[in-house]
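We call the chains A, B, C and D, going by the order they appear; numbering starts again at 1 in every chain.
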Amino acid sequence: MKVEIEIAGRTRVVDFTRGEQTASVDGVAIPVEARLLRPGVLSLIVDGRAWRVILEESASETAVLIGGERIPHSVNDPRSLKARRAHASGADGPRPIKASMPGRVVRVLAQPGDAVVAHEGIVVIEAMKMQNELKSPKQGKVAEIRV
Amino acid sequence: MKVEIEIAGRTRVVDFTRGEQTASVDGVAIPVEARLLRPGVLSLIVDGRAWRVILEESASETAVLIGGERIPHSVNDPRSLKARRAHASGADGPRPIKASMPGRVVRVLAQPGDAVVAHEGIVVIEAMKMQNELKSPKQGKVAEIRV
Amino acid sequence: MQIQFRPIKKVLIANRGEIALRLVRACHEMGITPVAVYSDADRAALHVLEADEAYRLGPAPASESYLRGDLLLDIARRTGADAIHPGYGFLSENADFAEACEQAGIKFIGPPAAAMRELGSKTRARQAADRAGMPRTPGSTKGLASLDEARSVAAQIGYPVMLKAAAGGGGKGMRAVTRDEDLKSAFEAAQSEAERAFGSSEVYLEKLIERPRHIEIQVLADEHGNSIYLGERECSVQRRHQKVIEEAPSAVVSPELRQRMGEAAVRLAQSAGYTNAGTIEFLLDNAGNFYFLEMNTRLQVEHPVTELVTGLDLVHLQIRIAQGEPLPLRQQDIELRGHAIECRVYAEDPDNGFFPSPGKITRLVQPGGPGIREDSGIYEGWVVPMDYDPMLSKLVAYATTREAAITRMLRALDEYVIGGIRTNLAFFRRILRDPDFQAARIDTGYLERLLAQPAPKCPDISTEERERVAAIAAAIFESQRPAATTAAATQSANAWKSAARAEGLR
Amino acid sequence: MQIQFRPIKKVLIANRGEIALRLVRACHEMGITPVAVYSDADRAALHVLEADEAYRLGPAPASESYLRGDLLLDIARRTGADAIHPGYGFLSENADFAEACEQAGIKFIGPPAAAMRELGSKTRARQAADRAGMPRTPGSTKGLASLDEARSVAAQIGYPVMLKAAAGGGGKGMRAVTRDEDLKSAFEAAQSEAERAFGSSEVYLEKLIERPRHIEIQVLADEHGNSIYLGERECSVQRRHQKVIEEAPSAVVSPELRQRMGEAAVRLAQSAGYTNAGTIEFLLDNAGNFYFLEMNTRLQVEHPVTELVTGLDLVHLQIRIAQGEPLPLRQQDIELRGHAIECRVYAEDPDNGFFPSPGKITRLVQPGGPGIREDSGIYEGWVVPMDYDPMLSKLVAYATTREAAITRMLRALDEYVIGGIRTNLAFFRRILRDPDFQAARIDTGYLERLLAQPAPKCPDISTEERERVAAIAAAIFESQRPAATTAAATQSANAWKSAARAEGLR
């Protein structure tokens, strides 16, 4: 089957055929041996090199953990809801900010209609005895704030 | 809901009502607080005493592990297949012996029709570099041997 | 005085998280019945699962659960506990609670209330330090009555100076002042912050030590007048005055310095009639001078590194001391062997301003093997509550040398996976790979300086290769998606085959 | 001779299971690239998952995979490994393989082939023992040519005697003989069994020691002529000549005896030109006399207990020795501290004649916390293959005293859950609670005697209470059944509520 994966702003085409021990990435064939140990934990042997790959799925993104590095990606697949969401949250267009965790809203720093620059604080949330700012992901205008 | 549990040859009636913090065993009410941490792992607080209870299900029996002890049981529930199986394997009547593990059959010690006493060897199986005897669970006659 | 042996048979553990589980384990090892307590947020916690008895305290907020001394004493009485172990945090340094326990005839496993009061206030502790002939930072030993007094003290010891809350802790009510002009505003700010944080506006002033190391001495004192020190811990790697990495021994403390600091610490403990386990914190300047900072009258979070290099169990010893036993060791029996490093694994996101990250742990792969000890209270499926400190686990590496302990810790960090929430695991990899940390060129400002630099790319593996592998893995996971949660997928003899099955379903 | 430093950059790990994972970890800690190999039964094993490279050997049977020296050397060449670590078992004591490695220019991490041959045969080892002036059991030092020779040797040393296979191990080809009348049949049986098991019918005869303890000495020898001993391990708790529990130090070995045994062991190693890690096994009779038994020319399964009491890492030291480094320690640097006990956790059913129990591990709760080390290669979902030794894990407890190590191990065993297959965890609880074990009244016959007695009922908890709790739990699990595998059930705020839901579904 053919799958398009978008990683670090670049789209890669992975093609693998059932039963065969090779896969092709962007047309280049590589020996691949894969085994799912348990859901989300994959043992991958690519051209002799062994990798432990962990699937990380959250409401906001899908990523894989490899050698301690977290690699977010999206699947360009019309069937995949994730793909659409990923596109929605591109650099252009409206970008929602969600609190990545539950907490008490302490202060609201911006109002709907305010122009904000990237990384400007919007809302202050307190959890686990710490106050933290929810920052704007990009330059733009605050559409609405629901607290 | 009311559930009949057979443990160590004795039937106990457990009755508990949703939302309430008590259960009754054989008509005696006890304060019970239960929380399933993950499938098969239950945190049970019975009258202040804390228990870690693990569910153990195999083809042959259902048991719970409590404080390192393994307690096999069956549920007397017409809906429960396990219950029927449990009854089938009572002290009376035919009792199948299954190898609890895959292995090579090295020797067959008894023939169909042979009278055997309890714990008499029937078949010798080799696995993990060890030979082991499958023993008769009870006195009786060997009906058939499939190897 | 004649102390007789009072065997402890049942201990109420007035805490939660990893330390509560660690205390449950110690009780089981000593044949003592551990009684757990829990808030509504902790019903599914491991310390409840593993204890022999468990009782609900109240709602999630600490003020309604783990800080409710009255409820704790009720439960202790009801269940017949003869002692209470407070762990760290919560009520562990609350002298009134310790007193209430004694009055209820329940042994508080820690120092007497009087010693806690004596050493709990930083100003009174500084006076005690003077009496014990222990070096401390120059400055006041009483609360500052007025700005004028602050001025004169500052002039006398010279800038830069530090304003600190007498009741302080965790960096609250603290202000560094470099020039006289700034003293007024800083004084007022520190006072009001202290008032808000600790209900006391008492602040004092001390000389600011440049680039100090944080070195602390572990002491043990029994009720027969014997006190010993178990060497030092270095906790210079801090963020916002919070310890992040601790180690034992310190790379810069010589046996001679260890002895001087240890003996000073023991003198202070004895002068205050201190018993049980305690820790005296010092600042060490780059000239090798040490200054008394404060005393923590409880078991420390970082006690495991001391246990690994001394071969002792501090909780076992705490309980034996509380039973009235004399210390089973003399000072000459204490010998440090090897090196231990502890990483405090937090549910926070270093890539996002160390934003707290509570929530469900969807995937957990914990490290193990030689020289690795982990004290944690987490499991796959556990939902990390937002109501408490975000510490998930204490990962500790032990080896014969500091270098070997660092590479071992890096190995363990590489094995460690905590999915579903963000953690600081990768942040520790960065610190442990940093040349300054590896050369022990650290002080309490080290981490802030490191954070000011851009994070280096991970070595060995090329980004290109990693992304290629990630793409392949992502494609396989995608192909598994429909079957992903079924047992079949897990057992699938080969991911390709199940990929095929998955496709077939479409 | 002048040995120069030959840095090892990549190690092929010619083994599987917990030891393969332990070796992968050691490589990572030393900055060495670990290369794993696997049979078809082990594709999903942790040593493959955690290694940097992994290559398939062949089908499950060891004869077609882990024993295929030719394949191993091919892979080592292809991947550019400069050394091979054999672990224990498989090819670890195969002198021909060690020789083949040397010829291929790949360092075999272990002794030279010559030393392996010298000490691998029990009869030749007994001759070496004589040359080294080491006490051994009375009897022949060469294979018995005939029954007559056996008769005369037996008459000379007196009954009871032991017939043993020269190439033997694991109790195969062994026969105890108490009277002359039985010698003939035993001699023939031992010969044929030895022929079948080891391809050599050579058997010898030695005096049978009554109720001996199994005490072994760990030695380390570098390639510069330095050899040291790291104290003893006691492995008297055995079943069918297989070690079940090992500990260090032995409760009955005095410093003076330790020194005599250690020095004898070092003499033997040096007389045979031995290098790297090795173990000399002795029998100790109740009069305190020790007799050379055999030498194991490899890393032992039970090496962790020595690591914990010495604070050293034997695998690191093996690799450094193989790199041509001189030992970083002298004998006087070796000091034993505390006590360590290891339990070999097996996939077997003690309630059913220790029947092997391979299969899928459906539930896994591993112990942790202070003083607990576990070397294992298992995980929840792992299917334990039927093709290899049934050892699942080595659970090791360390504490300051033997008593504390026992109670700590009991605590860890209570925490440990392995579901889906049968294990000997409960069996260890029984042994560790046995007064004779606790008093160290053990010898190689101890376990068989214990097994001859009926198992005592578990203490503390009444059967009635446990069964009542079991009934409640069973009812709750039953009520959960329909939802049991859904995430919803796991997260269910309260079992009652989801019980309600479950009912609703019906």
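FYI, a contact is a pair of C-beta atoms (placed from the backbone, for glycine too) under 8 Å apart; a residue touches a chain by one contact, two chains touch by 3 or more.
Because the structure is predicted, anything quoted here is derived from the model rather than measured.
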| item | value |
| --- | --- |
| Minimal step count in the chain contact network, chain A to chain C | 1 |
| Chain whose mean Cα position lies farthest from chain D | A |
| Chain pair with the higher count of C-beta pairs in contact (A-D, B-D) | B-D |
| Length of the line joining the C-alpha centres of chain B and chain D, rounded to whole Å | 33 |
| Intercentroid distance (Cα basis), chain D paired with chain C, Å | 37 |
| Computed distance of Cα centres, chain B from chain A, in Å | 46 |
| Distance between chain centroids, defined by C-alpha means - chain A, chain D (Å) | 46 |
| Sequence positions of chain D contacting 2 or more other chains | 50, 381, 414, 490 |
| Touching two or more other chains - residues of chain B | 35, 37-38, 49 |
| Pairwise chain contacts under the document criterion | A-C, A-D, B-C, B-D, C-D |
| In the complex with chain A, residue positions of chain D that touch it | 36, 43-44, 48-56, 79, 379-382 |
| Chain D-facing residues of chain B, complex | 1, 3, 5, 7-8, 10, 12, 14, 16-20, 23, 25, 30, 32, 34-42, 44, 46, 49, 51, 53-58, 62, 64-71, 73, 75, 77, 79-80, 100-103, 127-130, 132-133, 135 |
| For the chain B and chain C complex, residues of the former touching the latter | 33, 35, 37-38, 43, 45, 48-50, 52 |
| Residue numbers on chain D that touch chain C, as the complex places them | 21-22, 25-26, 28-31, 50, 304, 307, 311-313, 315-316, 335, 337-338, 360, 366, 368-376, 381, 383, 399-400, 404, 407-408, 410-411, 414-415, 490-491 |
| Contact footprint of chain A on chain C as seen in their complex | 347, 349, 352-353, 355-359, 362-363, 365, 386-390, 413-414, 417, 419-420, 422, 425-426, 429, 458, 461, 466-480, 484-485, 489-490, 492, 494-500, 503, 506 |
